[in-house]
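These notes open a run of structures that come right after.
Shared between the two complexes below is chain A, which pairs with chain B and chain C, respectively.
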Partner chain A sequence: MFVYGLINSAVLALMAIGFNLTFGISGVANFAYGAIYVVSGFLTWSLINKLNMPYPVSAISTIIIIGILGALIYRFIIKRIRGLVISEVIATFGISIVILEFLRYVGFIGFKYSLPMFITGSVEIFDAYVDIQRLLIICFVILLIIALYIFTHHTKIGRAFRGIAQEEHTSLSLGINPDWIASLSMGLGSSLGAFAAIVILPLGTITVDGGYDVLINALSVCIVGGLGSTFGIIIASVIIGYAQTLTATYLAPHWTMIVSLLAILIILVFKPSGILGHQKELEERV
Partner chain B sequence: MRRIILCLFVLSAVSLIFASQIKAQQYITLGVPTSLKLIEGYEGHKAAQLAAEEINAKGGIKVGKDKFLIKIEALDIRDGEPGVPVQEALLGIEKLILDKKIYAAVVGNFRSEALLAAMDIYSKHKVINIGTIAMTPKFQEKVLSNPEKYKYSFRNCLDSKYLSGYIQNMMKFISKQFGYNKVYIVTQDVLWATATGSLMEKWFKENGWTVAGFDKYPVGATDFSAGLMKAKSAGVQVIMPIFDMPTSGILVKQWKGMKVPALMAGFISPLMGSKSWKTFGSDIDGLMNVVFEIGYFPIKAYPPTVKFSEAYLKRWKEDIQSGHGAAPGYDTVYVLASAIEKAGTLNPDKVVSAIEATDMQGVVGRIRFDKSHQLIFGDNPKTAAVGAVMQWQNGKMAVVWPESIASDKIVRPSWMK
Partner chain C sequence: MLVAAGLNLLIKKRDMAKENYRKERIDRCIKARSDDIYAISSKNEILYLLFPRVIPIAALGIIALISPLYWQKVIISACIFAMLAVSWDFLSSCGMLSLGQALFFGIGSYIAGILNHYLNLPFYITIPVATISGGLLSTILLLPVVRLRGIYFAMVTLILPLMLMRGIEATRIFGGNEGITGLSPFPNIWVELIIIITAMWVTLFALRRFISSDYGLIFVSIRDNDRATMASGINIYAFKAQALFIGSCICAFCGAFMTHSYMFTGIPVFTMEFSILPIAASAIGGIGSLAGPLLGAFVLVPLSEILREFGTLRVVFYGLVLVICVVALPEGIFHYLSRKYNEMERWVKIE
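Our next item is the complex of A and B:
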C-alpha cells in the first residue's frame, strides 16, 4: 500500500506539473491541458506506428511539437484575451473540445492505442510486486522537480519566468517581455503535459475521453496544493494519492472518485488559496 | 436543317422507347443509427455494409418479380457516449426514418434506455428494428407487454441474462477442471457491470463458492493494485473481472506484474480483439474472456466464422476488434433479406412474421428468435447462436469453451503452477 500510494501520488504530480507551471507564470488556466496530454499520446503512437520512427525519437519529437503547439495557442488565441479570466477559461476549454472531438473524428477510437513500456517486468518491494514502469514514474517526478528548480533559479529564461510570476509590471521595466515569456510558459507547460503522457500512458491505453480525467486530476491537485506552487502540488499529490489508495484498500475502490472532489471542497472552505498557494492569499487575510 | 430535326426526333423517340423499358434501380434502405465512434458501432456498421454489398453483388433481394438492391444509411446518434441525452438519439432515429425513408434499422442503440424509448418510434412508423448492441432484458419484457405494438423490434445479439449464463458456465468449467471455489469479483462501477457482478455473486454463493471480495472501480481507474492485493492475501483462485472501459487492460497488466496466483476469467472488452495482443503484449497471456457472440475471429470448428472474418478483413483491411455487435450486424442484414424474400412483399407486418419464423445458419450460429424476439443462445452453433470463452495463449485467441467449438484447454499462468 505504501508503494502504490507513492506511485499514485507521483502520477498525480506528473499530471499536474505542466498545468501548474503555465498558470504560475502566465496566469492562464489552460483547460486544454487534458486534450494536449491525449494528443501527445496519439502523436507518439502515430510516429511509432505510422512513420516507423524509433520510440525515443518519437517521444522527443512529440515533446518538441507539442511545446510549439502550446506556444502557438498562446500567440494566436490566448494573447488576445489575456487577463480576462473567464474568456481564457472558455477559450482553452473550447480548444480542448475541438482537439478531442477532432481526434475522435479522424478515427482514434477503440482500444488499440498504447505506448510501449520503457522497461518491462516487475520487482518485489515490501512483499508487493510493482511494475518497473511505475517505479520509473517516481524517479521521473523527482528528476523533473530538480530540473525545474535548476531551470527557474539558474538560467536567464527561468529567472525571467520567476520575474513575470512575481511582478509582471516590474519585470517589464527590466526588459522582460511578458507575452514572450507567457508564450514560452505555455509551450513548456504543454511539453511537460506531453512528457507526462509519454511516461504514464504505457501503463494503459490512450483514449480520447482520458483527456477530461487528466484535466480534472491536474485541476484538483493544483487547487488543493495552491495554484502556482510547485511544492504545493507535490504535497497535494501525496495527500490525494494516499487518500485514494487508502480509500480503495479500506473502504471501496469506487469511492476513490470522490476523494479529489472532497479535497477541493475542504480546501475551498478552509483555505481557498490552497496549501501553499499565494494567489489571493492577501485577499483571504484581508 | 430538316434532316437534322428529323434525326433528333427519331433519336428522342428511340430513347423514350428504351427508357420506358428500363426501370429505375430500386433500393431498400437500411438505417444504421448507432454510436459510430464506438468500436461496436463502428464495426457493426462496416459488417452490415459488407453483408449489403455481398447481397447486392448477387443481384439484390427478390421481392415478387422485382429485385431490390440494399442501401445502407448510417447516422452517428452517439447514444453510447457519456452525456448525450436519449432525446438526441431518438431525434437521429426519426431523422433516418423521415428523411432517408429507411425500411428497417440494424445494429442500433447502445444504451438500453435509448433502445427502450426507440421501440415506440419504430412501432409508430412501422419500421423494423433488429438491434445488435444494447443488452437489457427489459427489451423482452417490453415486447411481451404488448406483442402487437412492439412486434417490429428484434434483438439479434446476446442479452445480459445470457451473458451471466455464459460466465456461470465458464466458472463451472473451471471448477470441474481445477477444483477451484474461491473467487474475487472486480467490476466497473456502471449499472450493467455491477448488476452482472451482483448476479454472479449470488450464483457463486448458491453454488458452493466463496466470494472473498467484490470491488467496483470508477470509470477511468488506472490502478487496481488495492483489489489485487486483497485478492492475493485472501488466497483466491479466480478473479472475475467485468469491464468495458479502455483502462481496464491495466488490471490484467497489474495482475501479471504483481504475480497474483489466480486465474483471471470474466469479461474485459478492450482485450477481446487481435490488436489487444499488439497493444498489451504478453501481459495479457492467460486472460480468459467471455465472447458475447462468436464470429469476430476465425474458429476452425465453425467455418462460417472463418469465411466472415476473411471477408471482413479483405473488404476493410483490418480485423474485427470487438467481441460484440459485428458478426450479428452482418447476420442481421441476411436475416432481413431472407425474410423479405420469403414474405414476397415489403409489407412490414408480413416481413415481421417471416423474421419471427427465421431458422438459418449465420456467422453466430443457428439463428432463431424466441417469443420475445430475442435471439436464442446455446452451446452448439448447429442448434443455436453461440457465445464462447477464449483464452489468450501465446498471442493466440484459443477457444476453451464450449466443447462443440473448443480448440484448446485452459492453461494456468506460469506463476500459478
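Our next item is the complex of A and C:
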C-alpha cells in the first residue's frame, strides 16, 4: 500500500514536472505535452526495434530530438501568438491532436509497443513485491528535482529562466532574450516529458490514448499544486497519488481518474491558487 | 511585377474615365449614425442590409431541398456542428474558453436517450426536456469552476468529458460501453431538416441580437476586463453562470437531436471530435462574430465528408487547420467577407 502509493506519486510528479517547467517559465500552457510524451515513447521504440540501436543510445537521442522538437514548436508556432491565451491553447491543443491522431492513423496500436525495463526483477519491501523499475522511478524523480533546483538557482541559464518567469521586461533590459529563453524552456519541458516517457512506459504498453491521460494527470497535479511551483507539485502528486492508490484498492481501478477531478474541484473551491501557489497566480487564475 | 503594373494601369484608366465622379462607400449613409443601429431611408438600403442575411438562409433551404438523401444527412450534421460552434463562440465572447463542448453535447444526448429508452417518451418531449435539464446539469457541474479564467477554465472543461466517459465505463450505467441503441427516430427526413435548420438560424440571430443588447454587453465586458466589470458592482459569476446555461442549452439540444437522428447514444458522444470541430470551425470562420463559426462549420463538415475515406486522418486534418488558421489567418473568413462587403463602393457624380 505505502510503497505503491509512493510509486504512483513519483510517476505523477515525473509526468507533471515538464509541463510545469514550461508553464512556470514561459507562461505557455503546453497542451501538446501528452502528445510529446507518447511520441517519445514511439520514437524510442522505433529507434530500438527498427534501427537496432542500443537502448541507452536511443533513449538519450530521443530526449535530445524531442527537446529540439519542442523548441522548434515554440520558435515557429507559439512565438507568433504568445500572450493571446485563446490562440495559445487552441494552437497547442491542435498540435497535440495532429500528433496523437496521426499516430493512431499510422497504426501504433498493440501490445508489442512497449519499452524494455532498465533492470528486470523485483524486490520485496514491506510485504509487497515491487519491480526494480518502479523503485528506479522514485530515485529518478528525487534526482531530477535536485538537479532542477541546482539548475534554476546556480547556473546562468537557470537564473535567466527564473528571471523571465518573474518579470519579463526587466530581464529584457538586463540582456536576457525572452524568446530565446522561452524556446529553451519549451525544449527543456519537452525533454523532461520524453524522459518521463522513457522511465514510465516500460511499466506498460505505449498507447495513443495514454497521451490524453498524461495530459490530464499533469494538469490536475499542476492545478492542485499551484502552477509554477516545484514543491507544490511534489506535495500535490503525493496527495493525488495516494488518493488514487487508495481508490484503486478499495473501490475499483476505473475510479482513479475521477479522484483527480475531485482533487481539482476541492482545491479550486478552498484555495484557488493551489497548495503552494502565490498571490500572482491567484490573480491570473480567478 | 508585370501583372501588377498592368493592373495598376487599368485601374488608373478606369479612374480617369470617370472624371466627374467620385467613389462613395455604400454603407456610409446607412451606418453614419452608429455601427449597429441603422437609419434606413430607402428600399436600396434595406436590400443592402438584408442581402447577406437572406441569401444564406435561402441558399441553405434550396440546397437542402434538392440534394440527395446522403447530402441531406451531411447538411444535418453540418447544422449540428454549426450550432456547437456558435455556442462555443458565444461562451468565448463571455470570456469562457471551453475545450469541452462534448460535455454539454454528451449530457444532452444521454438525457434524451434515457428518457426515450426507459420512459418511452417521444422526441417532441425528450428534446425540450433534454435541452433545459442538460443545460442545468452542465451549469451545475461547472459552477465551482466558473470563478476560473482563461486556460484554467479550459483545462477543467477538457478534463470533464473524459471523466464522464471513464465514469460511464466504470459504472456500466446506461448501457456502459455499448450505449443505448434502438431509440425512436424522427418520422421522416423533412421533419429533421426543418427542426435543425430552423433551430440553427433562430440560435444564430437570437444570440447575435442578445449579445448586442445592453444585457449581452455585460458578457462582452466580462471577457474584455472582468476586474473592471466587478468593480462596477456587477456579480460576474452570476452572469458567467447564465452564459454557461445558454451555451450549454444549445449544445444539449444538438446532443438530444443527434440522439434521435442516429437512434443511438453512448460513449462516442463524449469524444474529442465534438469538442475540436466547433473550435476548428470558429478558427476558420472568425472568432467573435457568431456567424463566422457557422460559416466555418459549413466549410469544414462537407469537406470532412469528402475526406471520409481517410478515417481518423480527418481529425489530424482538423488539427492542422486549427493550427494554421490560428497562427497564419487569425482574422477568419467571415471577418474578411464582411469587411469586403462593407467596403463596397459606388460611383457618385460630383456636383
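FYI, the second predicted complex is superposed on the first by the 276 of 286 C-alpha atoms of A that agree within 3 Å, B and C clash if a C-alpha of one lies under 4 Å from a C-alpha of the other, contacts with A are read in each partner's own complex, and residues count from 1 in each chain.
The definition used in the following text is that a residue touches a chain if its C-beta (ideal position, glycine included) is under 8 Å from a C-beta of that chain, and two chains touch if they have at least 3 such contacts.
Keep in mind that what you see is a predicted model, and the values were worked out from it rather than measured.
In the superposition on chain A, A:S220 makes contact with chain C only, not with chain B.
When the two structures are aligned on the shared chain, A:L265 is found in touch with chain C, with no touch to chain B. In the superposition on chain A, A:I77 makes contact with chain C only, not with chain B. Looking at the shared chain after the overlay, A:M257 reaches both chain B and chain C.
Of the two partner chains, chain B and chain C are each touched by A:R104. Applying the stated contact rule after C-alpha superposition, one finds that A:T249 touches chain B and leaves chain C untouched. When the two structures are aligned on the shared chain, A:P54 is found in touch with neither chain B nor chain C. According to the touch criterion, the shared surface of chain A, contacted by chain B in one complex and chain C in the other, consists of residues 104-105, 252, 254, 257. The touching residues of chain C, when paired with chain A in their complex, are 92, 97, 99, 144-145, 147-152, 154-156, 158-160, 162-163, 166-167, 169-171, 272, 276, 279-280, 283, 287, 310-313, 315-316, 318-320, 322-323, 326-327, 330.
Within the complex formed with chain B, the chain A residues making contact are 1, 4, 7-8, 11, 104-105, 109-114, 120-122, 128-131, 203-205, 207, 209-210, 213, 245, 248-249, 252-254, 256-257. Considering their complex, residues 37-39, 42, 82, 189, 215-218, 220-227, 229-230, 246-247, 249-250, 253-254, 256-259, 269-271, 273, 275-276, 278-281, 321 of chain B touch chain A.
Only residues 29, 31, 77, 80-81, 85-91, 93-98, 101-102, 104-105, 212, 215-216, 219-220, 223, 252, 254-255, 257-258, 260-261, 264-265, 268-269, 272, 284-286 of chain A touch chain C when the two sit together in their complex.
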